[in-house]
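Below are two complexes that have chain A in common, paired first with chain B and then with chain C.
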Partner chain A sequence: MSKRSNWAIPYLIFLVLFVVLPLVLIVVYALQDGNGNFTLSNVTRFFTDSDALSTFAVSVEVAIENTLICLLLGYPAAYILADKNLNKSAVTVILFILPMWINALMRTLATAELFNVFGFTLGKGTLLFGMVYDYLPFMIYPIYNVLLKMDKSYAEAASDLGATPVQVFGKVTLPLSMPGIFSGILMVFMPTVSTFAISEFLTNNKIKLFGTIIQENINSSMWNYGAALSLIMLVIIGLTTILLGGDEREVEGGTI
Partner chain B sequence: MSDKNIIIDIEHLSKSFGDHQVLKDISLYIRKGEFVTLLGPSGCGKTTLLRMIAGFLQPDEGTIMMEWDSKGGKTEFRDVAGIPPHQRPLNTVFQRYALFPHLDVYDNIAFGLKLQGVPKDEIDTRVRKVLKLVSMSDYEDRDVESLSGGQQQRVAIARAIVNRPKVLLLDEPLAALDLKMRQDMQIELKEMHQKLGITFIYVTHDQSEALTLSDTVVVMNEGKIQQIGTPIDIYNEPVNSFVADFIGESNILNGTMVHDRKVNFIGHDFECVDEGFGENNPVDVVIRPEDVYLGYELEGAQFSGTVKSCVFKGVHYEMYVETDSGNELQIQDYDAFEPGRTVQMLIHPDDIQVMKKERVENVIDCKVIDETHIEMFGEEFECAPISGNVESGIPAKARIQFSKVDLMDHEEEGNASGEVWFILYKGNHYHLTVKTESGEYVYVDTNDIWDKGDLVGIKILPEDITVETVDEQEK
Partner chain C sequence: MKKLFAQAYIWVLLVLLYAPIVFIAIFSFTEARTLGNWTGFSLELYKHIFTGGVNGGASLMAAIKNTLVIALVAAAFSTLLGTVSAIGIYNLKGRKKKTIQFLNNIPMINPDVITGVSLFLLFVFLHFSQGYLTVILAHISFCTPYVVLSVMPKLGQMNPNIYEAALDLGATPSLALRKVLIPQLRPGMLSGFILAFTMSLDDFAVTFFTRGTIGLETLSTYIYADARKGGLTPELRPLMTLIFTIILILLVIMNVRQAKTNKK
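This part shows the complex of A and B:
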């Protein structure tokens, strides 16, 4: 080992302690019964547990809906922010990113309180509102980044070759901003699948999400089943990443 | 339009970005099938002009008229103000190519045709034909980012000409290529122009490229057209010292027009072919380095000098010769002359280009503060006592000789500061254009060596500033 590579040792220790070890623990707990014997029953239990399965389906559905709404709202916002003719000030960009500086739990609590004050019934509508409110900046920022860095001459060349403004967008700007869109989808979809705080506060646990069952199991000391559910979720998130991002290095959107 | 051969007519075009006026009253027409080059240093407005023709920018003032095929099959001439780029009958080759990175070579070239709804098999034939024209057959499936600079350039040209535009706009298309590649592409572009018969409007800052390619060269500087002409006209008969200096190599010298057909410079009288400059009027004289004949013994020699340096340049030798009057001349000859030897020289009347001097002294707008102070370049200057009306705040003009302006190394040493903007060597001194912080120009004659872009302090002695108040001029 050369001297310079020794510098990596603290980080290696950190990684082992806080990333590798917990992951190993999750796997170990997931594959044990309450007495510490090896079993697959925790995993198979999920696939026969209709409550867990339907909660999982609801989670994925809510996550897809949230991602779609964020994309539909976030893309135009990012486009306007990145266009120097429409947005001449950097302050507006900061205003859009600003909510991310405040703890998500605080924002969610405040939102729930607002709904109470105005007398909204808590349910799916308020849940989606809260999710979009929390995750929209994570969609806007990577798309904004890609659009801002995009060479203006691509759009000019398309226009020069006879494309109307709508065609310029559809044939050049949109395809070239795909890396930002993928990045945004990843950053919104993945955390929404595993969230539980938003559903707890904004639906009073009327709607249970996958994260909620994991939390319930762990809280009621069902560590092994909770670990198995976490493992399943990790696999799903991993698969989404591979399907969407492919090679992470190609995702130019950048994160925050 | 009376002349049917005109395809684009530009009249009194002006454009400003903020406070900065980039184009000032540009008028120009372009004939059908012509290869026109807009030539000038960076920041001269040439690209802005091209972008206005393409429709990416709208002029503040003036009109652009263009030949236009209307739907009924009639060809008319119309003002294109407000018409967006995608409706204009022209295509552009962009400086950095702007090939779509998400499409392959074929789809890049087919982009415009697909938008027009051209049938698929016609697209196919046309794309293949144009690929062949730019010598890029077999590359159609390639990813554009895997191509070299020269290949991307060819695809960019193919993508534009496949649409059969009336006019092809090229924005410094060869700037990113290396020298050898650039020379090859110049020849190919010229051939392409002849083969296609399309009007080319070409923007470049490279004067040799402009001379090689063009039918007509439009020399621009500081947002104004300096000269329009054939490459030969521009080279042989530059209208001012900017054009003479920018195009090719030249000796630009101060002279005096003795009378018609006789001019005095470097301390000698020369026969010339120029008339109409008056008698004993100061003029600028341009001598191209290849037009001075040299010999150790030369029959009919007009003056003599000492060879200072001699460098082999491939085809010719480039020499600097100090004349008997102390001027330095750049001379090119096929024969080498030894440094240190005395040589005799001769210039033919035809090879002397006389130009009217654009100015003989600085005349600067200023404001009177009191009897001995004025505000100039946004700063206070002490000046020679002002005669006549000395009311504070009235506008006036300050006259300062070129040689009386001192430039200082440190900006704070002068009354005002500025940047060396343009340098002209005049045989025995430099004529500098300095742009002051207030955006005005002051012209300086100096023997000191400065570089373009140097920041300098501007110092002028009070007795060298002669101020005339405006109502004095009216008398």
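This part shows the complex of A and C:
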């Protein structure tokens, strides 16, 4: 049996080549000028580039707002879907996941067109609305999963011992569903903060997000600056993951 | 009362969520070039798809073919690599196991843009000319982790003695693998394959950065370019409607079958 652990070796090599090395290259390119000499100028340029800075601020703001709206709308939905008394069919759950199989760009364009037909001006409001459309399932699903697996006897015990429904929710159900909330936040915040194309479609090019700036720089062969911007994004992602305990062991044993 | 309110909430969300899709589906039955313009009922756009008379010429059909080929190859290879690796990782212990599991998580947490840019830099660095092959490699790199995660629980549920028993009874390791191990892992491999296939189909950012300049288009990049030019190719409307209907039917069939097996 022990020899079978060797079966992981090809994948380890693959991961080093296609996951680790590319990330290292982001750092390397970010710290180089066009001629391959070491420099910090790409990183310092970001902090003096008011255009990039404001885009960055808008991206983080939009991502936080989108995550909050998804959480506020998604939690009750997940709660209802996981409650056997309120929802009996598994089909409703599938209906929430189904739109994810339709090409995201296509869905986004249709959403933008729908706004046009109803006479809404494309801008911040439509951007948030469209993003909630795209990412709501990613919030509902992990919370739903946690709530479904949760041992119902805790909540029953609490209400038997005299807790009001509000207390049962606040002291038992909500704390126990925290791991689902964390992974939901992770799954919504990460893609929104880095999204590109979607924001342009939903705002008619009025609002640019950070992902778009990275793409513009890479496409116009400004690899080093593009890599520096990616590095900044990577730091944000890393911090969010650590903060939310993307490591499952920490979530499970964490002080909730 | 509480139940009614809960049901209403779910259905309002679903109606909002499906509004854009229904909107496209309705306007797939008219000929107007711009979405939202109704010029009378017509099946012309559906006909175009099957006769190849698409406004965008052969390029939309080529994009669809590319998308499917890339998704099939990437999903098949990811399933193979992911299953073999899951068996390997399952038999690892301690820090080695944690390290490789951590590495396996990176592509799933990484945003598309970062994955795309980092792989773009890799291919530039290695002077690897970008095209079909690089897109497929990139897709394998972000699809395989999902296969590993789908197969791992099946390994945990499996009774290791059955495999040992097969060996004791004289089966060669390869026979035991084919007759004992693989059949038990098959559900995990299948869900891993489906997951990988969907991830690949839906991908835009990673393809966008790794396809190079040879003019390789997938459905996503085609739609992106189309929208930038202003206005979607009208044939995309019936196409999306068809894809959606097929998936809906498949899911219903799968669900009915699962409900039946659950009853047994």
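Convention: the second predicted complex is superposed on the first by the 243 of 256 C-alpha atoms of A that agree within 3 Å, B and C clash if a C-alpha of one lies under 4 Å from a C-alpha of the other, contacts with A are read in each partner's own complex, and residues count from 1 in each chain.
We take it that a residue touches a chain if its C-beta (ideal position, glycine included) is under 8 Å from a C-beta of that chain, and two chains touch if they have at least 3 such contacts.
Source: prediction; values computed, not measured.
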Once both complexes are superposed via chain A, do chain B and chain C end up clashing or fitting? fit
Check the residue A:20 against both partner chains and state whether it touches chain B (first), chain C (second), both, or neither. second
Contacts of A:55 with chain B and chain C, given as first, second, both or neither: neither
After superposition on the shared chain, which partner residues are touched by A:9: those of chain B (first), chain C (second), both, or neither? second
Per the overlay, which chain contacts more chain A residues, chain B or chain C? C
Chain A-centred angle between chain C and chain B, computed on Cα centres after superposition, in steps of 10 °: 80
Could you look at A:126 and tell me whether it touches chain B, chain C, both or neither (first, second, both, neither)? neither
For A:183 in the superposed arrangement: first (chain B), second (chain C), both or neither? neither
Is A:145 touching anything from chain B or chain C once the two structures are fitted on A? First, second, both or neither. neither
Please indicate which partner A:66 is in contact with in the superposed arrangement: first for chain B, second for chain C, both, or neither. neither
Quick check for you: in the superposed arrangement, does A:172 touch first (chain B), second (chain C), both or neither? first
Lowest inter-chain C-alpha distance for chain C and chain B in the superposed arrangement, angstrom: 15
The intersection of the chain A residues contacting chain B with those contacting chain C is none
Under the stated contact criterion, what part of chain A meets chain C in this complex? 1-2, 4-12, 14-23, 25-26, 29, 73, 76-77, 80-81, 83, 85-87, 90-92, 94-96, 98-107, 109-111, 113-114, 116-117, 133, 136-137, 186, 190-191, 193-197, 201, 211, 214-215, 218, 223, 226-227, 230, 233-234, 237, 241, 246
Name, in rising order, each residue of chain A that touches chain B in their complex. 151, 153-154, 156-165, 167-168, 171-172, 175-176
Please name which positions on chain B make contact with chain A in the complex. 54, 56, 84-87, 90-92, 94-96, 98-102, 111-112, 115-116, 159-160, 163
Touching residues (chain side chain C, partner chain A) in the complex: 2-3, 6-7, 9-10, 13-14, 16-21, 23-24, 35-36, 81-82, 84-85, 87-89, 91-93, 96, 100, 103-107, 109-115, 117-122, 124-125, 137-138, 140-141, 144, 148, 160, 198, 201-202, 204-205, 208-209, 219-220, 223-224, 227, 232, 236, 240, 243-244, 247-248, 251, 255
